[in-house]
Amino acid sequence: MKRKTLVALMAGAAFALGSWAAKAEDLTIFWAEWDPANYLQELVNQYAEESGDTITVQTTPWADFQTKTFAEFNAKGDAYDMVVGDSQWLGAGATQGHYVDLTDFFNKHKLNDVMAPATVKYYAEYPGGSGKYWAIPLEGDAIGWAYRKDWFEDPKEKEAFKAKYGRDLAVPQTYAELRDIAEFFYRPDEKKYGVAIYTDNSYDAMAMGVESAIFSYGGDLGDYATYKVDGIVNSKESVAGLEMYKELYKFTPPGWGKTFFIEDNQAVTENLAAMSMNFFAFFPPLVNKATNPNADVTGFFANPAGPDGKRFAALGGQGISIVAYSKKQEAAMKFLEWFIKDDTQKKWAELGGYTCSQAVLKSPEFQNATPYNKAFYDTMFMVKDFWATPEYAEILDQFNQHIYPFVVGGKGTAQEALDAVAKEWTATFTKYKRYKS
Amino acid sequence: MAEIVLRDVEKFFGENYVIRKLNLTIQNKEFVVLLGPSGCGKTTTLRAIAGLEEIDRGDILIDGKAVQNLPAGDRDIAFVFQLFALYPHLTAYENIAFPLRATGESRSQIDGQVRAVAKAIQIEHLLSRRPSQLSGGDMQRIAIGRALVRRPKAMLMDEPIGALDAKLREEMRTELKRLHLENDSTTVYVTHDQVEAMSLADRIAIMNEGVLQQVGSPTEVYRHPANLFVAQFIGSPVMNVTKASVQTSGAVASVVVGEGDGSFGFPSELPQKMAAASHGQGDFMLGIRPEGVLVSRQQAPGYVPVEAHIIEPLGAYDIVDLKVGRQFIRARTASGYVGKPGETVYARLDESQTHFFHPATGESLNISFGGA
Amino acid sequence: MANVRLDKVTKQFGAHTAVRDLSLDIADGEFFVLLGPTGAGKTTILRLIAGLDKPTAGRIVLGGEDMSDWTVAQRDVALVFQYYSLYPRYTVRQNLEFPLKSKVHSYSRAEIDERIERASKILRISHLLERKTDRLSGGEMQRVAIGRAIVREPRVFLMDEPLSNLDAKLREALRAELKDLQMKLGGTFLFVTHDQIEAMSMGDKVGVLNDGQIAQVGTPQEIYNRPRDTFVATFVGSPAMNLVPGDLAGGKVTAIDGKLVVPVNGHAGSAQAGGVTLGFRSEDIRVGPDEATEAVVHDVENHGVEQIVTLRIGGHLVKATVPANVPVTVESKVRFGVDAAKVHCFDAKTGVNLTAG
Amino acid sequence: MATAVMNRLDPRSRAAARGWSDLTIRNVFIIPTIVFLIVFNIFPLIYSLGYSFTDFSAASNEPVQFVGLQNYRDLLTDENIWSNFVITAKYVIVSVAGQMLVGFGLALLLNRSFAFKGLVTTLLLLPMMMSAAVVGLFWRLLYSPSWGPINYIFGLGDFAWLSDPDTALYAVAITDIWMWAPFVMLLSLAGLSAVPKHLYEAAAIDRAGSWYTFTRITLPLVSPLLMIALIFRTMEAFKTFDIAYIMSTQPTTELISIRLYKQAFQQWDTGKSCALAYIVLIMVLAITNMYVKYLNRAKER
Amino acid sequence: MAVVSSPRKAVFNRLAIVGVLIATIVFLAPIYWIASTAFKPRELATTVPPTVFFTPEITPFIKLFVKRVQMTKPVDKATYDAAPWWEQRIYDGGERVLRTGGAVQLSAYPDRFMNSLIVAVISTILAVGFGTFTAYGFSRFKMAGEADLLFFILSTRMLPPIVVAIPMFLMYRAVGLNDTHVGLIILYVAFNLSFSVWLMKGFMDEIPKEYEEAALVDGYSRMQAFFKIVLPEAATGIAATAVFCFITAWNEYAFALMLTNRRAQTAPPFIPSQLGSGLPDWTTIAAGTVLFLLPVAIFTFVLRKHLLRGVTFGAIRK
């Protein structure tokens, strides 16, 4: 290396090292790498114009979002002032002291009335029913479905479907119907497949898909208050839900073994699947002609019901919390006050965010703004969530370890898989002394 | 055993000749040494015979059969490399057995042959050692054993003892010669060491810059070098060579060396012989070996006074640098004959050991005088 | 220039003793050659003097000053190596400049140029100055290496087999040049070699080294003619001195199964009777029909001016130098005798020469 | 030339010539590195050895309790952990064997002179210059039956490389082979070029055929370098994390490093993770030691 | 200089060269595919059969450097027409550029790339530098327990990074080195140093010590001799070692993922995140990969002679 270039490099390095500390005045919000984070950035830019405090939305890929966040929490780091944390983290954030208690703030602003009840329940309150709040619902989200209207409405298809199943081909109201339609469109010879579902088990992707089915089938993951799981997570309803999910996997495109929102959206844009499961947050690309050639013929529906007519959907979405180790908590608090204003929430929705504000959700402007907002509105009143205990990561991993080989690998039965989950969860909760005896 | 014929062999590297129009016949059972300085093409020639080097033109015949396009393995010759080329991971035994195993001979047969060869070259006690545990001499013996075990048509050796130290070289020389005597194998041997060539060869082929200079018995090349190159390459200390001219005054002829640095008397037929060699009276190159320079402590007829410059005592004899004008001429004298540097002594050139060369081409003028 | 004195120097490398209690005096302006086989400790001695190694015991004195604590640079000696004698990637000129640009010297540019010019003229390398060292021939490289030593006029020139990688002719030529150079410069030279011809032809004095100890110091003639023991006797001279076992009795040695009887003179004549080793040089053998001992010609080596004939007497081999014009054929029978005045008689056990004092 | 003036150095220049002693230089050159390695490699190990006997969790503020060998006992009796080890062993064997075969094979092909040899060799090194994370990501796409070119080019139809639990590990191994065979190739080339040419000539003279020459000369002489390549690749394969982590989430591809990562950084079970790390470390050391012993034996010859 | 070979061997030789070409094509195909993807329109990135002929565009590179967001409805024509050409490309893809005030927001890529450069360059210089000094020390001076020390140095390379990661994480957390350049640099130096010492020792052993000794005799101190003579001679080894260290540091993923968040994070954990959130954007990620591969490829290509020779030297003699 020439000496000059070397000197230049060193100088560059020194400059870069020197500039680390420069952004100390700003607030930082940590979130996962996805569009809502960008919308949020746009939103907070307006706050910056109004208040002078600049806010940066820092992001990291979903796959290591949780790891990164907790690595920083555990280091008691002040790199982030606020975190838009997953609903399931609430327990860990609250009990381990990572989150600032927002109960007073909550009560002062009567957020119980302002925000949609499900979002308050799952995004903000911990433990359930305690009246203690740790976050402000920020991004509502839940599992929904996209489907190919053109395939569904094709007269020939309609006729063939009717001939085969004895009823009209229409948006499925139950899982059973969904299954039939998936089977109907499953035509590997034509490179057409029935359904796209979540199968990635590196975080909560697959769990979200599975629990949607389990909840609709009347099953549950356990009693979140008493930590009782045996007989609940492996009840016959839960087993039936899981079996249905496994059944759906049969009609997925080939190699559908590690899929999440990207793949499921791609299934629609690339004419692979008739129906595709996804979080509402990922639907925007599907209605834009530039990104989805089938935008005009893509429709949306809410998660179907189980055999007993129960209808639930897995909750996604996040609340925003103030990090206990932040040195700028006051400024953060000021921002939150701005954020919960009706105007802000409206603006938030306009930008593409999924507001949790009841007023905004109920407004016709919102519901008609996109083809899927109505489905979103419907869904937000039938959501259920995964465990939110501090040992959430461990039990999620255990869940994945047993569900995944069953669904994707075809190992064992649904009953065996869920029995094993029940056993390990009980052991884990015992280890963490969750049972009062 | 075989006769090897090189016919018009040529090899070039780009524009340059590595071997130029080489014609050489190596008789059956003959020991021929290819001698020359490094880069003269001798090793390339040897490797061409072995098939380790492709030639660009000409024929190589072994027992009358053209082999230049055959791979080395099909020529049935053995090759002993300068740096031994022993297989480092194999024992001495395995090294010697290698050529037999390669051709798939039976185990018992191999064993017999290896042991016989080991006995012949006296390394039976070393058979289980690896090359790294052997001295240079032993390694070379094993390399030779590996060559011998095959009973090849011919043995080719590329400076096989060049890497050994002086004392060992002397010993190995005798051994090699005896080995050849006992095996009668046609041998082509490459070296840059004229002592080795002289003491080993039936005939020496001297090469320089890819061109064969002279072929002949050691005595022939020593006594009748075909040109200046051969004259100076053979013999130690090196033959004195100086520019010279003939001067005649009356019946007395003398040779003036250098630019009139000194003059030595010569028989009077020199001018005629010069003329006969069609060289007139001009300058020529005069060559005389140190032993042809006769030195006397006393003034004597025909002797001219010179100053001793450096004396190199070599034990059995001394080499004395004589200062003749600005020229130095080295003489071989009895040990201690000249006392110390700076002394004046008297010298004469022995005409029977004097060589005359063409000043431009360096070719010998073939002028000789009868024994002194 | 300076004299060099080694005072009871010992050098050990782990368990191996390379130099053992060695004392040596090299006079100012002397060309001293250390001769010995590989592993005798020659190079170690040079490195000790240069300061590249530290002696385990003993003192090294240069020009009257004890140098034990001096660093290499402080000793101001020049050293020419056998291998890798030049700095790679440098031109010849840069190589020659290198020692003149060290911190311990401060030469002006003009002086540096002048010295390089002088040295390169002496060594006839002026035309090579701008050349990179990897484009030099072996002889040129060694000349440059020597040049690097002489540009700075060191107190002592140390040379570690500088000629051994060169071919015979070049070696012969450089031998004379080096000797000439030393005479011109008048410097103290310590030259190390395993080649006895080099030692003999160049040295004012030769020190024969064996196994870390000095076997003999003397002029070349002394070493050749009066070897102190069988080691020196065989190491110096080519072909090596013939050694045969014999019995000493009544001033005569009977050797080779009684086939060779030689009267011995000097101290040996009065020595105690018993087993001895009889030594004689090849040129001291006469071959002729009237000689006493019969032998078979085992091998003949033509050396041009003379032939070295190996004679076989029973199981013994003896080498004789015979003029080139005497016809000898292998496996023929000849007779030979030994010049009684030139035989040496060595103690069979210790190898010490009993003949000369 | 022999002027007496210059024979002595003046005291000032003599002092200038002194400089650091060899001992000082040795210490200055070596000790910082040793200290650095101890601080940043050994100290952390001791640190984690301590934690491996506790129930410490980096994620909680609860007091740390000494649990003795409990962590080790739990791990060594945990079937899941054992299955992780089995998966890792399978992966190491397949991937390293593949790299050695492909890499050495490539080196054999390359070990002759032809135009653009240098360029071709450098181009072949490109895979190992890429980030494993990116490689994993793209290979996942390459393997995709719906969107990737591999199945199309090889006519494999809907073959589900990564979704089939039985093939996923091999699919990851193939990617690893693609990425690291060039490294083996590089070392093998070095080994091949270090076999003295005259040995091949000797073998040619000795009438040894190509196969015989290869097995009796080439292979034994290249083996020390192949061994070095083997050691390095085994060590690295044992440590594999990124490629596998990014390419597949199959339980059948959960290498021990991934298990370790999840346990340490997702579940924050720090004490137990330290214990597991130690078990892994001991295994790697044992394997390496085995190799090194063999290598030394091979070198002694 | 060629051995006379049989016709069969000549045929084999030719076949081998054909084999090399095929192998090269096979090995380079994925890289070619990535590189060509970097110039494709997004919708052509994942077609089956793969699209071979297309009009190359640099939109992926533009997207790589700016922060974008998915649009739910097409942009209105006036805005589109008013936008500069590169922004139009982004609108074409159904996204819009994020701006703060009027200024375009850059993506994190330039920062991450710079971080990679800082961390990889500095850590390589340090690892090779220390390695060179230490190797020289081991090569030239005797030391008690030298073999053990060398094995110790080598053995530190055997540690799986995850093993060290936990205590490292705790230590860094304690001293505040988490998410700093210094922290990553130290880690990569620690990781590469053993390798560097090990390789450089081989090279140092190959350099004749006579060179330095000549310099000592010529009046230089050992340090001067080291810098003037040994260092230039070791250039080949230094280059080869640097290539290996640089490749390792440049591409390291696990530590970068675990120990850095934003300030010091390097590109390897970042590039995969460019996959996008709504639809996969392989073109942008390919563009990022290509740009990221360039420095290390150029570095290796420039030093390729040293690398090939270097491996021979260092690895054979230990």
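Labels A, B, C, D and E are assigned to the chains in the order they are written; within every chain, residues are numbered from 1.
Quick note on the criterion: a contact is a pair of C-beta atoms (placed from the backbone, for glycine too) under 8 Å apart; a residue touches a chain by one contact, two chains touch by 3 or more.
Keep in mind that what you see is a predicted model, and the values were worked out from it rather than measured.
Asks: Spell out the chains that contact chain A while also contacting chain E.
Replies: A chain counts here if it touches both chain A and chain E, which gives D.
Asks: With contacts counted as C-beta pairs, which pair of chains has the highest total?
Replies: Top-ranked chain pair by contacting C-beta pairs: D-E.
Asks: Taking each chain's centre as the mean of its CA atoms, how far is chain A from chain D in angstrom?
Replies: Roughly 38 Å, centre to centre.
Asks: Just the number, please: Cα centre separation of chain A and chain B in whole Å.
Replies: Computed value for the inter-centroid distance: 91 Å.
Asks: For chain C and chain E, what's the span in angstrom between their mean Cα positions?
Replies: 57
Asks: Please tell me the distance, in whole Å, between the geometric centres of chain B and chain E computed from their C-alpha atoms.
Replies: Comparing mean C-alpha positions, chain E is 58 Å from chain B.
Asks: Could you list the positions in chain E whose residues touch two or more of the other chains?
Replies: Where chain E meets two or more other chains at a single residue, that happens at 3, 9, 46, 169, 173, 219, 221, 224, 258, 269, 272, 275.
Asks: Can you tell me which residues of chain C touch two or more of the remaining chains?
Replies: If we look for residues of chain C contacting two or more partner chains, we find 71, 73, 76, 102-105, 152.
Asks: Where in chain D do residues touch at least two different other chains?
Replies: Within chain D, residues 17-19, 58, 144, 146-147, 201, 204, 265 contact more than one other chain.
Asks: Residues of chain E touching chain B in their complex?
Replies: Residues in contact with chain B: 1-6, 9.
Asks: Which part of chain D faces chain E closely enough to touch in the complex?
Replies: Interface residues on the chain D side: 17-20, 22-23, 25-26, 28-30, 32-34, 36-37, 40-45, 47-48, 51, 58, 106, 108-110, 112, 114, 118, 120-134, 137-139, 141-142, 144, 146-149, 151-153, 178, 182, 186-187, 189-191, 193-194, 200-201, 204, 210, 224-225, 228, 235, 238-239, 241-242, 246, 257, 260-261, 264-265, 270, 273-274, 277-278, 280-281, 284-285, 288, 299.
Asks: Show which residues of chain E lie in contact with chain D when the two form their complex.
Replies: 3, 9, 12-13, 16-17, 19-21, 23-24, 27-28, 30-31, 33-34, 46-50, 130-131, 133-134, 136-138, 140-141, 143, 149, 152-153, 155-171, 173, 186-187, 189-190, 193-194, 197, 219, 221-224, 226, 247, 250-251, 253-254, 258, 267-269, 271-272, 275, 282, 285-286, 289, 292-293, 296-297, 300-301, 304-305, 307-308, 311-312, 315-316, 318
Asks: Tell me, which parts of chain C touch chain B in their complex?
Replies: Listed in rising order, the residues of chain C that touch chain B are 37-38, 167-169, 172-173, 175-176, 179-180, 183, 194-197, 200-202, 220-221, 224-225, 236-240, 281-283, 298-299, 301-305, 308, 310, 321, 324, 330.
Asks: Could you please specify the touching residues of chain A with respect to chain D in the complex?
Replies: 66-67, 70-71, 73-74, 92, 96-97, 188, 199-202, 253-258, 266, 270, 272, 391, 393-394, 397, 400-401, 404-405, 408-409, 411
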